[in-house]
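Note that chain A is present in both complexes that follow, paired respectively with chain B and with chain C.
Presenting the complex of A and B:
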């Protein structure tokens, strides 16, 4: 970019000093010297100020993105404690190799996967349904759209705290309702699947509206005449949805799947706040501890920065693998269409 | 989610005065750059310019606290400022120690952003003494500080092996048993505090036996005790050694006292004597409001918790009896980091705030029990009463308990170990797991958490 500015500046340089003086000519008069100085400045300005303009992003990125990333990598090769972060002792790849037989890590990985599936699949299906309904002409449609987005605008903390109360064992509203229809109370905290379902429900509640709005926007971009011709061919509403809406939404669906997958692999706040013990172990038997939560527990509760860094990088690697798989699937989908 | 950065697709078009533009560019870069640096450097410090005096020329002492110390509420800052007109005190309070302590550690290890006075919770004092002592001033050498003023074990907790004291004790938590007189009466148990104390004097097993008697009469409506964590904590805190031995080795798995405390709590859980609750959680709060349990291990500050969570009609229905064995639960220290701006003045302030007279005043307002026996004879303590316990002389009961607390060996990771035994251990027994399974889950979790 800078070089292009440079070349763009050249004509103006020539223009600013008409009748260029030859190099060996008599002492330059004041005006000429001033002009030359100006022109040098102008040149430097053209060369460097674009960098200055983009520098804030890069400075911020280096300070808060790149440096922590690299430092985490460096720390992951050491035994470091939060009590003395500068006092590192080299352990090589030990922090990585130990992950292979760290049952808590794999438990967390499994929980992340299952919570991710329980949360993402229904979430996207519901979002699709809601978007489809909102796509019809409705009274007060803006109201519904805003209402859909309201959970997204709520903080995770307050939402999770309310869900903790709803899912309480003795005084929770959900168990009270279950009791009403004659079902025994469910231990939403202590048992594995109920607790994962409960955590997932917070995620579903929070993100469904967001995805619905994305679907809705994409639906509204589908040309109306496609539906008209489908209707002329005698396609029912359901057939129209299957054969017109869904194929047109394919790139959007792909986008939401990718974003939700990334979000699901980083789930942290919901399980942390859902834990009645306010600990980071994700329940008494780690039944809903996700990878993000395990990372936090190792780093901040147990103060093992080296181990936590290794977990972070392993998560990163797993995410990259997921990203590649996503890419492959989407390429195949695109090819088949 | 990450913010996406848009590509800079537009190029600058010509026009405008170059010098002015350049000046603008430099100004932008400089201001953004300094903003960035300031953002890094100025965390925690209340005044960015580094001066410690305000416009009136007063020396400002900053206090970094967590929770509710109550100095301001008890008017102690105002009193000190009156005594020392050129001092101004400013406090910064973080609500939960879980959030305060990691930040304090960060500030200590980087030696920046520290306040003149920093509070340290008892759960962290061993770690601070062990790893951060060189960052703190030796308070034993401060003016007007006499070791003999404090309870011996309190002083020792904050003192390194070579005799440096990193912080002065504020309050302690001598533990008694708070019990509901009305529920005890219904269950056919005595209600007088001396007789209740005799039921289990000297032996936690007798406490469980009393619980069984209680359950026979009371049935399933109410529980004998509030939570497995509360019981485990109470038993453990009356031991001389729990998780570490005197040389600093982790011995929690081999220490018979820990296993005995765990098994006793598990037994109580299996017999349905304790609620399946975790202390200080909303559901546990609800059981206070609904009068669902008859006893709770009870340092003075617990009465404040009970009062805050109870219905009004519970006032006066509680009483305090001596625990089977005395232990300590809670308490804090005030330390002065060496890198503070007003080390001398801060030391004087800390010495004053932790002196017996001030601790007695604080007890009256805040219920934080003094760590200085000299305060136990003061009218504030001897005449103390609590709304929840009616006319009971709680000050005398707690003073007596405080004097009998053993000098306990504490270690840097006590909190992690105890949390593991509670949240990943005994609570499982209340949910139907066997004591053996619970112990295995707990020890596996703890070992993984301790492993560096």
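Presenting the complex of A and C:
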């Protein structure tokens, strides 16, 4: 049994060789042919089934990922209106040159960057701190972990609607609390920085716990003796964190930075719902309109799908640049360590 | 996990056996948390849970009460009335059914396809394997927003707007799923088991059915849960192709509540609560497994 496919594989290789049928009794021949057939099927299986197994993913990806991505580039060279999306007329690079003079695009790009920073940096720092604490021996540690994952289970739509109410100017909980400690109410929707902070806080709230769990998992994988030898060298707890924990977490940190950057570049639902009455403008003065929201406004409110496509591809280009910078930094970090 | 608190008497005995270490050496997992650690965790837990609890409080009041200072801190009597109205107004019954269908089909399909593809990448040798895997990882970096315009055109052309398949098909592409299952199967499925099945003459499909699926079951459950949550909460794409009055998903329906002419805040909160409740229930029941799954995926990722 153990050698069945090995022996069967041999005749199939020399199967066409005519010199073999010296012991050409009919039943033997039949048996051999059956074996050869089996082994051919076997070889076919071994050779082609891996491709069969990965092909569903790639077919779906080509149909709903790659093709649309490329077609966005094609559409960005055309004038296309939402009302007749199949009617395309060539305009060359006009949609792109237009972007460069478009103050709203640059405003949105800036907002995306600042909201991205306000949302990502504190989020990851807090997550790191929480993960460090969770890494202690604790009572009810499962409870904290599940509790901090609750925001992750909350949808963008629900979370945004609740935060709009909490950040309300007249009757919001946060202004009430500020008033309680003697601070004047803040116009969380109307003013630029408060509104960006408020939108970012929704993102921070939803993702900090999740990232903390990822950091915690990586911390638990750090071998204990690294800490012991560091301690024997007289390193304080803080120094251990800096010299043992952080370097070991470097790949995880890079991973979360990449994921958060991609997430931050596509922020859409939070600013859309943060001021639902203003539609997709991201506040009366576009003060918290992100690129994702601007893309939507151009494509679906102003109905210019071609221009929206150009925005999408510019976003793509920016992301690639960020990715390259990220690679360079991480390579340098690796080289320096 | 929570019950392994060592009684203080045994600690000195343990320590006498080991070489004496400075106290700071026992960081990272063995040190007990002090009161400050608990205080920070409790504050963090409150911040995590407060908006959810307050959603329920606001949903149990009425619009007038929410336009008064100070804001309410405890439950009122309107919860069930508001939930009922929100349910009707936002078409939530249909929305729940739709979202369950979409998230269910999407999660099951992704899990099955990802397991099969992940197995091929983890355990089978074939030409171009590494290049294809790089493509999979690369596609994880491409934001879906970049493809929505052609997808929207496709939907328009196929006349799929306001139909669930418009949301289901694009959601089936999950590079993360393939990557996740590959990482899991690399470790969880020993080569010898596959060899043994091969020797018994099993074809690749039989290997998948009788060896890979049973071995991958825990990771499949976790991936399924993650994908279900992700699809359930997906907003941008369903928002573009589905309407509140047609066949909305829960998120589209809930978001629609906030865009009414005269927004009733308590109703909006009731809708937000209803939209989140099913997942919160799942997380409360399976919390430990989900946490474990996310952490496992993180280490292997």
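Basically, the second predicted complex is superposed on the first by the 280 of 337 C-alpha atoms of A that agree within 3 Å, B and C clash if a C-alpha of one lies under 4 Å from a C-alpha of the other, contacts with A are read in each partner's own complex, and residues count from 1 in each chain.
Everything that follows uses one rule, which is that a contact is a pair of C-beta atoms (placed from the backbone, for glycine too) under 8 Å apart; a residue touches a chain by one contact, two chains touch by 3 or more.
Keep in mind that this is a model prediction, so the values were computed, not measured.
S.K.: Looking at chain A, does chain C or chain B touch more of its residues?
M.R.: Higher number of touched chain A residues: C.
S.K.: Check the residue A:170 against both partner chains and state whether it touches chain B (first), chain C (second), both, or neither.
M.R.: After superposing on A, A:170 lies in contact with both chain B and chain C.
S.K.: Quick check on the superposed pair: does A:120 touch chain B, chain C, both, or neither? Answer first, second, both or neither.
M.R.: Neither partner.
S.K.: Between chain B (first) and chain C (second), which, if any, makes contact with A:130: first, second, both or neither?
M.R.: Touch partner of A:130: chain C, not chain B.
S.K.: Considering only touches as defined above, state whether A:150 meets chain B (first), chain C (second), both or neither.
M.R.: Touch partner of A:150: chain C, not chain B.
S.K.: For A:300 in the superposed arrangement: first (chain B), second (chain C), both or neither?
M.R.: Both chain B and chain C are touched by A:300.
S.K.: So in the superposed three-chain picture, is A:287 touching just chain B, just chain C, both, or none of them (first/second/both/neither)?
M.R.: Neither partner.
S.K.: Kindly classify A:111 by the partners it touches after superposition: chain B alone (first), chain C alone (second), both, or neither?
M.R.: Touch partners of A:111: none, neither chain B nor chain C.
S.K.: Applying the document's definition of touch, where does A:50 land relative to chain B and chain C: first, second, both, or neither?
M.R.: Touch partners of A:50: chain B and chain C.
S.K.: I'd like to know which partner A:83 touches here: chain B for first, chain C for second, both or neither.
M.R.: A:83 sits against chain B, while chain C stays out of touch.
S.K.: Where on chain A do chain B and chain C both make contact?
M.R.: Comparing the two interfaces on chain A, one with chain B and one with chain C, the shared residues are 1, 4-5, 42, 45, 49-50, 53-54, 56-57, 60, 63, 85-86, 164-165, 170-171, 276-277, 300.
S.K.: In their complex, what parts of chain A are in touch with chain B?
M.R.: 1, 4-5, 8, 12, 38, 41-42, 45, 49-50, 52-57, 59-60, 63, 79, 81-86, 102, 104, 164-165, 168-171, 187, 190, 259, 263, 276-279, 281, 284-286, 297-298, 300-304, 306-307
S.K.: For the complex, which residues does chain B have touching chain A?
M.R.: It comes out as residues 1, 5, 8, 11-12, 14, 18-19, 21-22, 25-26, 28-29, 32-33, 36, 40, 98, 102, 105-106, 109-110, 127, 131-132, 276, 278, 281-283, 286-287, 416, 419, 422-424, 427-428, 431, 441, 445, 448-452.
S.K.: Could you please specify the touching residues of chain C with respect to chain A in the complex?
M.R.: Against chain A, chain C makes touches at 1-2, 5, 21-22, 24-33, 37-38, 40-41, 44-45, 47-49, 51-52, 54-55, 58, 66-71, 113-114, 116-117, 119-121, 124-126, 129, 132, 135-136, 139, 141-154, 156-157, 169-170, 172-173, 175, 178, 198-201, 203-205, 208, 229, 232-233, 235-236, 239-240, 250-251, 254-255, 257-259, 263, 265, 268-269, 271-273, 275-276, 279-280, 282-284, 287-288, 290-291, 294-296, 298-299, 301.
S.K.: Show me the residue ranges of chain A that touch chain C in the complex, using the header's touch definition.
M.R.: Contacts found on chain A: 1-2, 4-5, 42, 45-47, 49-51, 53-54, 56-58, 60-61, 63-69, 71-72, 75, 85-86, 126, 129-130, 133-159, 161-166, 170-173, 176, 205, 209-210, 213-214, 216-222, 224, 227-228, 230-232, 234-237, 240-241, 244-245, 252, 255, 258, 262, 265-266, 268-269, 273, 276-277, 292, 295-296, 299-300, 305, 308-309, 312-313, 315-316, 319, 323.
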